[in-house]
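Shared chain: subunit A. Partners: subunit B in the first complex, subunit C in the second.
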Partner chain A sequence: MAVEADLPKSVSKVGEELAEPIIEARGLKKHFPVKRGPMARTEWLRAVDGLDFSLGRDTVFALVGESGCGKSTVARLLLKLLEPTSGEMLFRGRDIAPLRGDALKAYRRAVQIIFQDPFASLNPRRNVLDTLSEPMKIHGLAEPSQYEIRVLELLSKVGMGDVLGRYPHEFSGGQRQRICIARALAVSPEVIVADEPLSALDVSIQAQILNLLQDLRSESGISFIFISHDLRVVEYFSDEVAVMYLGKIIEQAPSVELFKEPRHPYTEVLLASSPGLEPGAKKRAVLGGEVPSPIHIPSGCPFHPRCPKKFSPCDKVVPRLQATSGRPVACHLWNPY
Partner chain B sequence: MRLSTVTWRRFKRNRLAFAGAVVVLALITIALGAPAIAPYEPTAIDLHNVLSPPSAEHPFGTDDLGRDVLSRMIYGSRISLSVGFVAVGIAISIGIIIGSLAGYYGGILDSVLMRFVDIMLTIPTFFLMLTVIAIVEPSIWTIMIVIGVTGWMDVARLVRAEFLTLKQRDFVLAAKTSGAGNLRTIFRHILPNALSPVFVAATFGVAGAILVESALSFLGLGVQPPNPSWGSILTTGKDYIEVSWWLSLYPGLAILITVLSYNLVGEGLRDALDPRLWETEGP
Partner chain C sequence: MLLEARGLNIFLETRSGPLNIVNSIDLDIPPGGVFGLAGESGCGKSLTALAIMGILPQNLYATGEIRFKDRDLLVLPPEEFRALRGKEMAMVFQEPMTSLNPVLRVDYQIREVITTHMDVSRKEADGMVLELLRAVRSPSPEMRMREYPHQMSGGMRQRVMTAMAIACGPSLLIADEPTTALDVTIEAQILELLDTLRRERDMSVILITHDLGIIAENAETVGIMYAGRIVELAGVKELFEAPKHPYTMGLLRSLPHGRGEGLKPIRGTVPRPGDLPPGCKFSNRCDYVVGDCRKEEPGLRIIGDNHRARCIRAEDLKWP
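For the complex of A and B:
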């Protein structure tokens, strides 16, 4: 890489206002080796390429971007299902990379995940009681005699009745997603990472699940990292939004500001192309082309080949995520280069 | 409703497989109840009735020592089935352990174990068995062990492949994020979901093992006289095939039907366990 972005330590306003962030990413990178054939040179897929963000208490932080921008990799890094290539993920100020054994177990009690595909995220051979009591068993959160009662409580939290003896294939996608949410809640976590929790569901079900998440948030004070490509959902649910493009955050702002006044051309197009519900809304802007391969990231600003506003420095100089204009944006239009 | 209930329902719909299962169950019953069912002692020699053709007294005729062929075949089914089950039991145990370790831990362990599988696969199994049995005294136990120890490679590969895909599945990742350790992840979440193809392979394996045992006994390297086995009855039969067809026909048919039934059950299981069809099955 010719020009390396030197990102500020913390760019989250919410994180600064509330004393200590729960989760903080510093220069987080995850590169996957890609080798085509035994003789080929190893190339690197830069899924996450230098990410800084922080999550405060009782907030919803949204990561937005097209598919392939590295969102799900961030989720897996957060859960320590993957190890970062470089950079750190801090939980309460401590790097999670060296956690092993009991310390790792404790971390996994604090941070939970909801996956995108509810059909893949439940063990088909275990019934609801088995699935939901397992976290309690592992962490010793209840006496075995209490499992049934506790699981029923969890189920009622997610709006389900007594389905203890039933198996995943007997449920619809929305019901399964509720069970997945109940599993995440079973350990009373501080943070839930929701990796596109709605995109595999029907639109009518999406609203139900989103309402459920909203209720949980206001009742329990759990912080969310909400990963999505759907901006309408993000607008409704999140406090702070970071827009990702090819493994980097290119704009970050409180949700209200971002939707009122997007600054990065990519954010603008993304917002404009999101199908609105108002009838007679003006014609949608359409983003041309595909996301470039994260193996061959374009020089300069990674977005320049698709950018409607590109000018002379864009294909040469990598824009930094800077808050010159009051909000962090990685674009030469807003920052001096 | 458990998945096994769904599987059973789908299995029943396949008539051939169901017929195969009925035959297999009947054979198991016959083998277990051999002393009660067999009309004669399998080793009782009757020199007045040597090579007598099928009759009301001896439905499948008698052999060169006047022993009742039906009784010998009923006792022979014990050999065939126990060799089939024990040998396959050994094979799938080894296969599951090696496949699980290779698939779950990956890396160098995976490479080493899979190269070992490749090496094992280069050895012509049947000749290895002949060699081993030539050195060790042939008995039903040697046969079981030899068939098992030379037959686990396919199972190991199947299990490894299942582990490789399953360990990336969301529900396995979810178990890990719930705090599950390696043992819990393997035994509660991955292995139970990796076993379907193993069951199928095991069913085909039983058929294969029965054939191998018959072949070894036919060559005189398997079950030793006077104990009966379908293969050894067949050996006697070949000496008298021009005069006593029943000595060859009935054990031959028994092997054919048994192997065919196991293969039908295997195919039925394969279809019934196909995970691509799980989701379409309503409650």
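For the complex of A and C:
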């Protein structure tokens, strides 16, 4: 566009920076040892089994999948609460594994988390002022005399008033989740990992929190890794969606395309399994079987025992996440093996 | 009617006297249908179910009338109620993890229901357990019946719960959030199972859930509860196509439809039972509130065919 040509150089440099991912996972794996009984041989639970993805600036990247697919392990790897078995997690192009001391502290400031259960993730013995000034104290972001003012600012950002002296038990679930969000915002992070932030809340409160996250996103340009099992919410909030099954991404696409045209048979079933709101509409598709244990991942395509469209190569050849047909899908139907 | 409730009230005993938690519920459950009861946490939907089953916690009590097969459950002697409960009416709970006994094998737990209500030998009972596990589509039931709950997945546990509930062929099954703890694909399996069993065994189902999607898909008649009251009662089609109560509208508008379209959450939070506003209990959060709303609590008025709402402005409100 003509406008772009007229922009000064520094602006186009910002544009370049925009394209560079903030967070990138390369061949990320996390296997946990499992030993059943003293004489048993150690088995490996492959929670995350080779992930590649990248998170751009100002985007919401959603990880969806059923319980046990490894999405929360990814969140913990991202926060460096767990060390990967192999592969790496990059923050602005640098591996986070060797980070220690000040560098780690800076990373922790840049990447914050909101947990699922706002009842368990606030200290019941600390009032709101203590809870929200703690991050500023740790990272030296404000003078102690400024704490009150800063905390009040944070609270107003999340739609709450002067509740400085109150304790978690005095709040409802939705209000607690607002406090958790304020706590994440206290250090002006670049990335927020939101691990099922709505699932403990009632529908009407979910909508309030979702609106709040949407506002934060457009005002502050924070990127989100949004982990959820609720596809309606994911469709509403995210730009890019990765569907996980047994530790692997099996399909990844911009949200609009994924919901319009799911390609992997699992994604199709997942979308068809969430109930619509039209009474008398077609009954949802029912997928038989259950997710196998991540200790004994089926051979070939991990989804093949449940897949309604499996054919000869599926139980032997592991499909790779390839974009042969324009979008990354790990399925032999889309990528001739 | 299989089950009729009239003016059902539930009170919590507190130091400062009884606190009304569930207020004048009227229900009509015909034989062989699915009645959906929906609302957010604390609205009283589960307590209503517990009152019907006669298993309210000690500090709660119910008044009014609940007629089940022409017996008034609230005045039924405990022995008679015990003979009824588990046999003619049964319940599936939300948490299959906590509602199964962790130290007993599942065959024991299912058999216990059978031997309590039926005069059968151990061998016959074992056969029935196997039959029930087959009926709930359990894979390899002979093996499964010897397992403990912790060896099972959430979906499998919910199948066992369901097997226990249908063991004596009840005519009423209350399912309280039967799929809330489960993944979507498993949720779809369990709901399909409940629907099949209902048809095969000619049961009525009261389906309690917070998920309006599940209601739309499964229920024939729906009651929406708020602050211990039924605020809207309608056929499922009427309710979703033309909701008449502002709370129902608010719930539907709170759900995301597609990408980026603005959500309109209901403002504020649910008031505590002792702290309800005067007049209409939703008036402090309602977008359509007028002066009269705060004066007197509206009744559940007939608005149209198969449609009632507890709102004085129900006829004026436009949807969407």
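Note that the second predicted complex is superposed on the first by the 315 of 337 C-alpha atoms of A that agree within 3 Å, B and C clash if a C-alpha of one lies under 4 Å from a C-alpha of the other, contacts with A are read in each partner's own complex, and residues count from 1 in each chain.
Keep in mind that, in the parts below, a residue touches a chain if its C-beta (ideal position, glycine included) is under 8 Å from a C-beta of that chain, and two chains touch if they have at least 3 such contacts.
Note that this is a predicted model, so its numbers are computed, not measured.
Under the clash rule set out above, the superposition-derived model of subunit A with subunit B and subunit C shows the two partners fitting side by side. In the overlay built on the shared chain, the residue A:208 is in contact with subunit C alone; subunit B does not reach it. Of the two partner chains, neither subunit B nor subunit C is touched by A:85. Here subunit B and subunit C are compared by how many residues of subunit A each touches, and C touches more. Using the contact criterion defined above for the overlaid structures, shared-chain residue A:255 touches subunit C, although it does not reach subunit B. With both structures placed on the common chain, the touch criterion links A:274 to subunit C but leaves subunit B unconnected.
Once the two complexes are overlaid on the shared chain, A:67 sits against subunit C while remaining clear of subunit B. Contacts of A:175 after superposition on the shared chain: subunit C is touched, whereas subunit B is not.
In this overlay, which is a superposition and not a single complex, subunit B and subunit C have their closest Cα atoms 9 Å apart.
Applying the stated touch rule to the two superposed structures, the subunit B and subunit C interfaces on subunit A have no residue in common.
Subunit B makes touch with subunit A in their complex at residues 1-3, 6, 169-180, 184, 188-189, 192-193, 275, 278-279, 281, 283. The residues of subunit A lying in touch with subunit C in their complex are 66-67, 172, 174-175, 202-208, 210-211, 229, 231-233, 235-237, 255-256, 259, 269-270, 273-281, 283-288, 290-291.
Considering their complex, residues 40-41, 153, 155-156, 183-189, 192, 210-214, 216-217, 219, 236-237, 239-241, 250-266, 269-270 of subunit C touch subunit A. The touching residues of subunit A, counted against subunit B in their complex, run 76, 79, 81, 105, 108-109, 111-113, 115-117, 119-127, 134-135, 138-139, 166-167, 169-170, 180, 183, 186-187.
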